[in-house]
Every structure is written in C-alpha cells, then in structure tokens.
Amino acid sequence: MAVVVRNTPRTDLALVDALGAFGVATIHESQERTGLFASRLRPIFRPVRVAGNALTCQVAPGDNWSILVAVEQAKLGDIIVVSPTSPCDDGYFGELLATSFVAHGVRALVIDAGVRDVAELTTMQFPVWSKSISAQGTVKETPGNVQVPIICAGAYVRPGDVIVADDDGVVVVPRESVPTVLDACQAREDAEAVKRTQLAAGQLGLDMYVMREKLRERGLRYVDGPVP
Amino acid sequence: MAVVVRNTPRTDLALVDALGAFGVATIHESQERTGLFASRLRPIFRPVRVAGNALTCQVAPGDNWSILVAVEQAKLGDIIVVSPTSPCDDGYFGELLATSFVAHGVRALVIDAGVRDVAELTTMQFPVWSKSISAQGTVKETPGNVQVPIICAGAYVRPGDVIVADDDGVVVVPRESVPTVLDACQAREDAEAVKRTQLAAGQLGLDMYVMREKLRERGLRYVDGPVP
Amino acid sequence: MAVVVRNTPRTDLALVDALGAFGVATIHESQERTGLFASRLRPIFRPVRVAGNALTCQVAPGDNWSILVAVEQAKLGDIIVVSPTSPCDDGYFGELLATSFVAHGVRALVIDAGVRDVAELTTMQFPVWSKSISAQGTVKETPGNVQVPIICAGAYVRPGDVIVADDDGVVVVPRESVPTVLDACQAREDAEAVKRTQLAAGQLGLDMYVMREKLRERGLRYVDGPVP
Amino acid sequence: MAVVVRNTPRTDLALVDALGAFGVATIHESQERTGLFASRLRPIFRPVRVAGNALTCQVAPGDNWSILVAVEQAKLGDIIVVSPTSPCDDGYFGELLATSFVAHGVRALVIDAGVRDVAELTTMQFPVWSKSISAQGTVKETPGNVQVPIICAGAYVRPGDVIVADDDGVVVVPRESVPTVLDACQAREDAEAVKRTQLAAGQLGLDMYVMREKLRERGLRYVDGPVP
Amino acid sequence: MAVVVRNTPRTDLALVDALGAFGVATIHESQERTGLFASRLRPIFRPVRVAGNALTCQVAPGDNWSILVAVEQAKLGDIIVVSPTSPCDDGYFGELLATSFVAHGVRALVIDAGVRDVAELTTMQFPVWSKSISAQGTVKETPGNVQVPIICAGAYVRPGDVIVADDDGVVVVPRESVPTVLDACQAREDAEAVKRTQLAAGQLGLDMYVMREKLRERGLRYVDGPVP
Amino acid sequence: MAVVVRNTPRTDLALVDALGAFGVATIHESQERTGLFASRLRPIFRPVRVAGNALTCQVAPGDNWSILVAVEQAKLGDIIVVSPTSPCDDGYFGELLATSFVAHGVRALVIDAGVRDVAELTTMQFPVWSKSISAQGTVKETPGNVQVPIICAGAYVRPGDVIVADDDGVVVVPRESVPTVLDACQAREDAEAVKRTQLAAGQLGLDMYVMREKLRERGLRYVDGPVP
C-alpha cells in the first residue's frame, strides 16, 4: 500500500541557499505567516541554521523503515522531513542513519518524533529538529510513503518545497512561492535595518509605527498611579 | 478599556542589585517560599542571572501591542513582565523589540508565552525567560493594561516589585519586603556556607540537622538486606 | 512505615565502568529494549555520561527527607535514583545536597521530579537527570523507603542494578544481566563499526540490510512523479 | 508560619445567589473578561452550577491538612477554594470531607489539584471542580494559610469574593464589584435574548453586528471558487 | 489578506448521509488509515454521531471573527471546521453562534480550540468536537480565510470534503473518494459481522486470522510458569 | 524473542470479588498507598467498578498483536492489563476484541494507550480504563510478552495480582497480600462509617482527629481579619 514517488520536482539549490540566508521568523512573516511547523519541534543543538529541499517520509509509530527507503531518493541539498501516522516519541534516528544521510548529501532531519545519539549528532554537527530525545529503538515492519505530500507538525509539505530551520523552529516555503518569498524577505530585512537603527537610537515603536491615535481609538487610557 | 498607569513606584536600584546577588532559590526560601513563577518559564540561554523592577504588561493571545506601549514607561533597571489573558505560545518578542528594550534601559523580559529570534537574542545576551520558543508572529489590535498588578505564570506581580531570574527560574519580591528579604537571604547564605563546609567534609545531613530521632518517631526503620 | 535496607548487593565497579563505556541507546538495544526510563528525564547539562550502582530512594511529593537518609547508605560509585510517590515538579535537590553526595562518592542523581541550583551544579559538573528545573523547595516530614525496588519514570530499579545515563536519557541494567549485556554491547558496537564504514561510503541501508524483497512483500511500490 | 484569618468579610448571600443565576461565560464577559480560572479545572459531573463565597485555602503538595482547618471557618454558602503551593495531582478530597463540608454549609469545592471518591461525590451531588481525579492519598504534616488572598489556577481570589462555577469552568467576582457585575450580566442577557431571536430567524451576525465594512477595511475579500 | 471562497464544491448529501451511517473508526480503516483528526478533539457530549460537508474556517488565536463570516457561506448539511493559526484554548463558540448555525442548516462544529456554553449546547443537542472547554471570550479584529484548504488538528481538509464525527473522534473523507470509501466501509462492516459472530462464539482471533505460524516466525514462544 | 507464560498463578475469585466490594481509594490506602496506576488512566464510562485477576500483556507502539495472543490465556474473571513499550495513544482495542474478551470471560481492559468504538463498548457496558480515545488503528507485526511481570502506568503488575478499577482509577494488589489487604479495607471502612456519622453531625475533623495541638506546634496561628 505504501508508495515511493521518484522524479519529484526540487527547488534550485541557488534559490534554496538564498532563502537559507534568512531566518525562520523572517520567512514566516514574508509569506503571510504560513508554513510554520508546531513549536514542539526543537533543534538538538544551538545555534544552527539550514535550508534544503524537502524529501518527505511517512512512518508508522515506532517504525523507522521508510527513513531507510527515503535515503535512496536523496539528492544533494535535501532535508528529510519525517511524520509519524500517530504521535510517537521513539528514537527513530541516530548516528548510523546520520552517517548515511551525510553520504547522500542530506543536510538535516526534521522529525515530529524522537531521535537518539544526540551527543554523536552534535559532534558531527548534523542538524536535527525533533519533538523529543529518546533512546527507544524502532522496528522495521511497516513501510510508509516517501515523497508524497505530508502533514508534519501541523505544516503541509510537498516534495521539493523548501525547508528552512533555525533556533526558532522550522518553516516550509512552497516551491512555486520561493522567488516571491525571497523578495519579500529581502524587503523585510531592509525595512527592519532602518527600524533597528531608529529603535537603537531610542525612538519608540509607538511613534515609529504611528500608533498613538489607533491606541486611543481602541480605548487605551493613561492614568497616574499609584495603584493598589 | 485598557489602562497605562504612570508614575508607579519602583524599588531603589541599589536594593534591586543587592537582591540580584542572590539566586532565585535562595530568595524564594527567604520569603517563606512565596513569589515563585511556574517552572514552565525557562531562560533562552544559560547561565544567566538578572534583577530589576517589574514593569507589568497584559497582552491578548497572539497580540503584542501593549509590549510596545510598555516600553515608553520603562526606566533604567526595569524588567518587563508580560502575561497573556489566555494561554498562548506565539512569538511575542524578538530582536527588534529587544533593541528597543536595551535603548530604554530594560534589563530583561519575563513572559508567560513565546519569543523568537533566540539566536540573535543570545548573541545580544539579552536575558529572556519564556514558556516557549516560536517564530509565530503576533498582531497589534487589542491594547492591554500596563503597570497594573498582574498574575504571570502563577505569581502575583505589582509594578515596582523586584524580579530576580536565573537558571532556576523567576521569583518576585514585593517591594515593601525587599529589605527584610535581603537580610534573610544573607543569613541563609551565611548558614549555608557553614553547612557546605560540613557536608563537604563528609558530615551527614541526618547528623547536621539532628534528624535521627524525628525519623524514628515518624516510623523509619533500618533492616538488613538482601531484598527480593 | 518506611524502611532503609542496608547491606544490599552492588555490582562490581569494574563491571559498572565497563558498561559506562557504552551509550544508553546501545545498552537499551543490547538488552532487548528494556530498562529505559521515560524520556521526560533530561540531563541538566550536556554532554554528559555516567554509570553507577543504583541507590534507590522513594520520596513523598514535595518532601526530600529520604534523600538525606539515602546519602548515609551511599558507597563509592553509587547513583541515587529518586522516585516520588505521586508526580511532582518541585526542586528536591540542589548544591548543598550535591556537595554531600560528592563527599560520599555518589556519582550522579536521577530523579523523576525537579532540581534547583542548576547553575551551581553545572559549575560543579555534578550530573543530574530530572523531569524539571524548579526553585520550589521541599519539606522534611514524611520518610520514604531507601534501597527497596522502585519504579522510576517507568523503569523498575533494584538496589545495585547498574544505571547508565547520557545525553539520550537513562537506562537500568539488572545486576545479574551485566556480563551478558556487556558482551552484547561490545558485539553491537563492533557490528556498527562495520556498518558505519559501509554507510559512510554511500552504501544504502536497504542493500546493507538486504531489505528490498521484504519491502516489496509488505506492499511498497515505486512510481514516477510528479505528484500534486 | 501558617495563618488562619478569622472574621473576613463575605458577600451577602442574596447577591451571591443573584450572581449564581448567570453562567460563568456571562459573568466573565460582564467584568471585562477577568477572573476566569484556568480551563484545566473541570467539574466531576455535569450539568452543574453553583455560586458561593470564597473560603480560601493553601495546601502543600500532597498535604490536605489545611482543608480540615478551613472547614471550621466555613459559613453557610461558602465555596472552599484550594490551591497547592506547587503543582500536584493527588486526591486531596473525598467523600468523608464532603460530608463534613455539607454539615457546615459549604456548597462546593474548587481545587487546582486532584480529588477522589468521585462516584460517591456524584451520588451526593456535591459539586467539585478539579484539575484531576486521583485516588492518591495525602498527608497531614504541613499547615497552610486559610482565608488569605490566593492565586488558584491563575485567578486571584480573596476571602468573600464570589465564586460561580458551571459546566464551562470557574470565575471569581471581587466582592466590591458584585452589584456592578450583576447589572452588567442582566444587561448582557437582555441583549443576548434579542440577538438570539434575530439569529434564530436567520439573520447573519455580519449584519446584526454591522461588520461588513470593517471586514473590508481589514482586508477581507470574496472570490469565486473552485480552489485546488 | 483574508479571503472567502464562494461556490466551492460540496458532496451530495445522500452520499454524506450514507457515510454517516458508519463510525469514524470504520471510515478511517476504509481509507487506509488516513484523514483522522488528532485525538485531542473530543465531543462535548456523548453519544453523538454526525456527518456533513466541510465548511472550512481559519481563525487567529483568541479571535472568532471569521466564524461569523463562515456562517454566511453555509448550506444545509455543512459542518464548520475551524483551525486557529496557532494553538489556542479560548472559547470561540457558544450558544448564540450555535443558534445561528442551526438557522443556517449547519449540523456541527469541529474546532481545534475551545468552546463555551456547553450546558446550553448539550441541551440544544448541537454537536461539537473541541480541544478544550473554556469560558474565555474572543475578539473580532483579524479576519481569516474561509473555504480554503486547511489543516485542522493534523488533518488536511478542503471545502466539501466529508466530515464524520462520533464518540471516537473526527475523520475527513476527500470528496472524490467518497464512493470508494463507502463501498469499503460496507465491505468492512460485512466482514466484521462475520467475525463478530465467530468471536462471540469463542473462536480465537489467532485462529480466525490464521496467525499462529506468523507469530512463531516472529519469535513468539510459549513456556510454562510460574514466573517470579 | 517474545514469550507467553502459561499456567501462571491466579487469585481465587472469591477473594477477588471480596476485594471488588471496596473502592480503589480504600484499597490504595489499605496497602500503604502502593499499587496505584497513574491518574492518566480514565474509565470510558461512569459509574463503573470491576475486580479481576491481572492477565498482563506488553505491546509495541501502534501494534496490538499480543492482545489477541493474550485472549487465549484468559480465564473467567481476568482483567487484561496492557502496557506499550513506549508511549502511544493509538486505538489498540475496539468492539470486536471486546466481543472476544467477553466470550472468554474477561471482565475489563486496563491499557496505558488508546481505545476506540467507545460508543459500542459503552452500550455493551464493557469496562475499559485507557489513556486516550482514538480511532487510529494498529498493526500486527511485533509480538510482545504475555503473562510476565510488567509496569503499566507506573504500577508493577504480575500475572494473577488483583486489579480493582472504578471511577477514581486503577489499583493493583499483589496476590500474596490479598487477605491482609481485605482485612485492612474492612477495618478502614468500619472506621470511616463511624467518622462519617460524626462528620455528618457537624463534628470537625480537627477535633475528631485531635489535631489542634499538633497544628499549633507546626506553627499555625489564628488572627482576626480583615486582610488586604
């Protein structure tokens, strides 16, 4: 019943790497606050930032078989994105699989489940975002789909969409939106550079964003203390 | 409906800094185990310790508007304490707001919600205690109260109460109790220095605290093994 | 009603230290995936690895009295394993108790509850695995059992069983299984060294484990994209 | 160190009962969305609604001693509100204590912890809102404060404030606000009766609240499908 | 930025109602274990079962504005499916909105957030599946998308997909799969009727499914006790 | 590697049923507050009470195969107790398996995981205590141990130990302790009957338990209000 889809599209690595110059928060804002993975996914070491093409992978609870299947489909610059069919904290991934990932050009793992060997993965500086850290092993009995659209930690991910992950979490950019999002990210960073200078000089956000009138309309009042 | 209270009292910074020489656990013990924030608030980097005057701020879920309002009320040495009106994990605060905080003398943020840009905040070494890390942005539609008494992570905080936060968590000291608590902290540390020496020399807590009789009365028995 | 069992068996420290050369995931795998503590137990600093004889200790919620009782029973190379009789996040343990532990040769603490003074414990490099970090203090009113078999974070631990803990979590090895598990760990590491070389050279897990036929039998199919 | 405050104020029962005619959601709205207890507090049976004067009670984790102390302070129409000094799920309260509560005119229990004997409590129809149901017993070693202001499940409660609780949860009304809140509740119910009729007749909220223009200003657009 | 898509497709109500004759577990099994909502969504009363066309609705945290927008798009037999853009427990929906829903033919609400007025909703027998019950009110400031594909509690839902919900939870059937899934459900129920008779007569699952050989191959052994 | 142990001991059903006359809280108290399962296990319908011999069963996450294996070992009056090797919320059990259980004399299911078909199970009045309700199906690929000692929801259970479960939760009584615990339960109930009469007559627990002196020694003071 499980399927591996070959020859799925990928985003050009030049675009991927251009996106990877921006942080997750910037990208999330630049695509109308869409594509963010649930905040339960955390990096196993910090600081870290990576971008890559999504190579999607579904797994059964406590069963990492399709991760091994996925590696064969990897191309340079991929990030393997793994979602279990029901919630699971087990350690699906460790140092041996990471060695295989590295050999096949995989840049990172994003998994809505657990991983193990985090000391070794940290030494290797192989980036992982996971829901938990657990030594609990998994079986290899039930194959799952590879390179089909999946939902991972609440985000909808298709093969070849771009994944960017950093200390703040993980975001997906649909592959057809990448150029637009890139432009929006650059515009946002340019605007933020100006704001940063103003704020560093002591200007108030209330003035910089011209908000005092709107606050008054929404009912904000100023009174003098003390309060009880 | 929202109000900003100006001219609220603050604790003298000399007292604030004197308190900040003690750890959160020591202060918590020295005021009869009161004032501790829930342990879900964690620092975004470690080690860290800071003390300051509470500048309180209520926010709607997913809405950080009143944090911008709060900055205008800041004085040197403040810690902005933010509580949402219902539970929320969104990223209310990031590097731009931190820049503004620093420009206005704010020493730290304590928030019972999420923050983002934690890599940049770590580089800036701007201290933050939060419930979560999330890139999810917030809106600016609903103003909230600033500088009124609030409940944040289970602790009751009034403007100008002293906040101390470190690797163990966050504690609030009511402003009128600061001198008493300071004395109690010093007394506790002095007593602990003696105990530390005794324990390091191998004395047992059972003997140091003279507990053997009380243990016997409460039913503790010693038997020889083995057990199953 | 509480009991302290003296003269319980311990595992020879040469065996303990031999086990400590392996990671938690390896040991867990080498004893048929048994003995793992729940993943909610996390180290307070990383990287870290330690092995020792279990010195077991039951505590009431919010009451750390029996930890002081336990120290007296400690021998060089012990790890004190603490389980509350109902779930609790309080800070049962801090720098003073750690000082006492060190003086009595205790190597680490494993506790299904909270600890405090984590900055000081980190400076001391005293290893702790806990469920939470909390400054909340505890009382000394209700003694609990020491050196009886306990369940801690879902694992069954008897005095003198071997505890190994690292960045991945905590595992217990029954004292009578230690020699067998040691052999199995070594065999597993030897086998993994071979696999690591093959995987690093780019061999696929699918081929290395000869899985393609079994995958086909379980229904895995390959198709060509694109997918929607 | 613990204190029982006698002779604290209470709200007149006529006012209490008048408030109890309204639901928790209505009251919460009528006092500017303040005073709501965290939603983790749930009734042990449904449907249920009760109102009473808060009789406040702090307890140590796993220790229900001060609940027994509190009963002596009870007056007809009280609701005992219990908050542990740190999170606890134990069963602090059961059928025997409920029998004592009933004998002293106590109408209900609100507790940010656990209870037991829920079958018997249901048969008695004694209303309880709790965080958990657990048979785990508690000790009587550490007295806590009774009839002092407390924080319970995130709400600030003083002796004699009015507690109303129903299937939706628990809310507190400060005793000096009761007359104002009563008026606001009645006004809200009157307004809702009109709205209910309009909505039942098929009028849209968009029209009833005259929201179409504001929606357009905030960027809402209508397009014709289909969508992918 | 928000959009309402009109004229989206719907599934014929005859098909919807035919699906509604089956339980959620049966449907989930009949479409290869896909489409299940996370188990945190629970009905506010039991027993209950309903089927309808998905009318999708995105909301901001603590903001229920777009639910009012959605009602206008409702057709007889719809189920409104609401997903917040970040996790939220607030009470987005109560008795007034339910009155409006009923007036417009809406059969149920599925929401990955909170609701209130559950006593009144139960009296009305208006079916709701929610993540929480909370009296906490919401604002109307930020419009969200209506009738676009959404992810709700981990399930991907498009307008006009069929939602079936019962005591076990909630499942979505893609509208183009409905006929196939219907057939599979009937076949499964027919097969289960046979099995039920066999099992009721005492036949073992091991024999009915002919599993003894496979169990032996996978390593199951039988030994005689006692065990320790 | 998995094993089924046959011919394990059981507790005489007369004793089992005698224990089942008492509630879980009473039994838990009568064996020094041991043997309680974690409070996350909740009955799928209430009120309910059952007692039986433990028939233990380990399962892999998302794999219910060994439950089918367990049924063959059932004897009249058994309660099947299921524990996954790592945390899992899937629906391991439904109406078909319940039919098989009933046919083999099994009285109830206790499972630290999920179940489905709860409407049908309620109609059948087949008692179940579970961690979750989920329609998510499971596979049959990995056999687990049956009738070996297990840890389930934090409780240590051996084949033939007595399980009692009711609205408050689940408790296990070691089979060799049953006569002693029975006596202690009866003594406790007798004592409680006296106390109940006294409390119903208005006597205070403080007086009934003669606690005033001890409270004073522990520092409780009485003062007259008002308080702030």
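Think of it as A, B, C, D, E and F in the order they're written, each chain with its own count starting at 1.
In this section, contacts are C-beta pairs under 8 Å (C-beta built on N, C-alpha and C of every residue); 3 or more make two chains touch, one makes a residue touch a chain.
None of the values given here were measured: they were computed from a predicted structure.
K.L.:
Among the remaining chains, which ones contact both chain B and chain C?
P.N.:
Where chain B and chain C share a partner, that partner set is A, D.
K.L.:
Work out which chains are contact partners of both chain E and chain F.
P.N.:
Looking at chain F and chain E together, the chains touching each of them are A, D.
K.L.:
Through what angle, to the nearest 5 degrees, does chain B rotate to match chain F on its C-alpha atoms?
P.N.:
Angle of rotation between the two copies: 180 degrees.
K.L.:
Of the pairs B-C, C-F or E-F, which has an interface that repeats that of B-D (more than half of the contact pairs shared)?
P.N.:
Answer for B-D: the repeating interface is C-F.
K.L.:
Check A-B against A-F and say which one is joined by more contacting C-beta pairs.
P.N.:
Of the two interfaces, A-B and A-F, more C-beta pairs touch across A-B.
K.L.:
Between chain B and chain E, what is the gap in Å from one C-alpha centre to the other?
P.N.:
The mean C-alpha positions of chain B and chain E differ by 42 Å.
K.L.:
Could you give the separation in Å between the centres of chain A and chain C, each centre being the mean of its C-alpha atoms?
P.N.:
30
K.L.:
At least two partner chains per residue is the criterion; list those residues in chain F.
P.N.:
Answer for chain F, listing residues that touch two or more other chains: 1, 33, 85, 87, 89, 134, 136, 141-142.
K.L.:
Building nodes from the protein chains and edges from chain pairs that touch, which of line, ring, star, complete or other describes the result?
P.N.:
other
K.L.:
Throw together a list of every chain pair that touches.
P.N.:
Pairs of chains that touch one another: A-B, A-C, A-E, A-F, B-C, B-D, B-E, C-D, C-F, D-E, D-F, E-F.
K.L.:
Using the touch definition up top, name the residues of chain B that touch chain C in the complex.
P.N.:
23-25, 28-29, 33, 36, 39, 42, 46-47, 49, 166-169, 171, 192, 195-196, 199-202, 204-206, 209, 211, 215, 218-228
K.L.:
Given the complex with chain B, which residues does chain D contribute to the contact?
P.N.:
Its residues touching chain B are 1, 32-33, 38, 85, 87, 151, 154-156.
K.L.:
So in the complex, the part of chain A that touches chain F is made up of which residues?
P.N.:
Answer in residue numbers: 60-63, 85-90, 134, 136, 139, 141-142.
K.L.:
Under the touch definition given earlier, write down the residues of chain C that touch chain B in their complex.
P.N.:
1-9, 65, 68-69, 71-72, 89, 91, 94-97, 99-100, 102-104, 114, 116-120, 122, 132-137, 140-143, 147-149, 158-159
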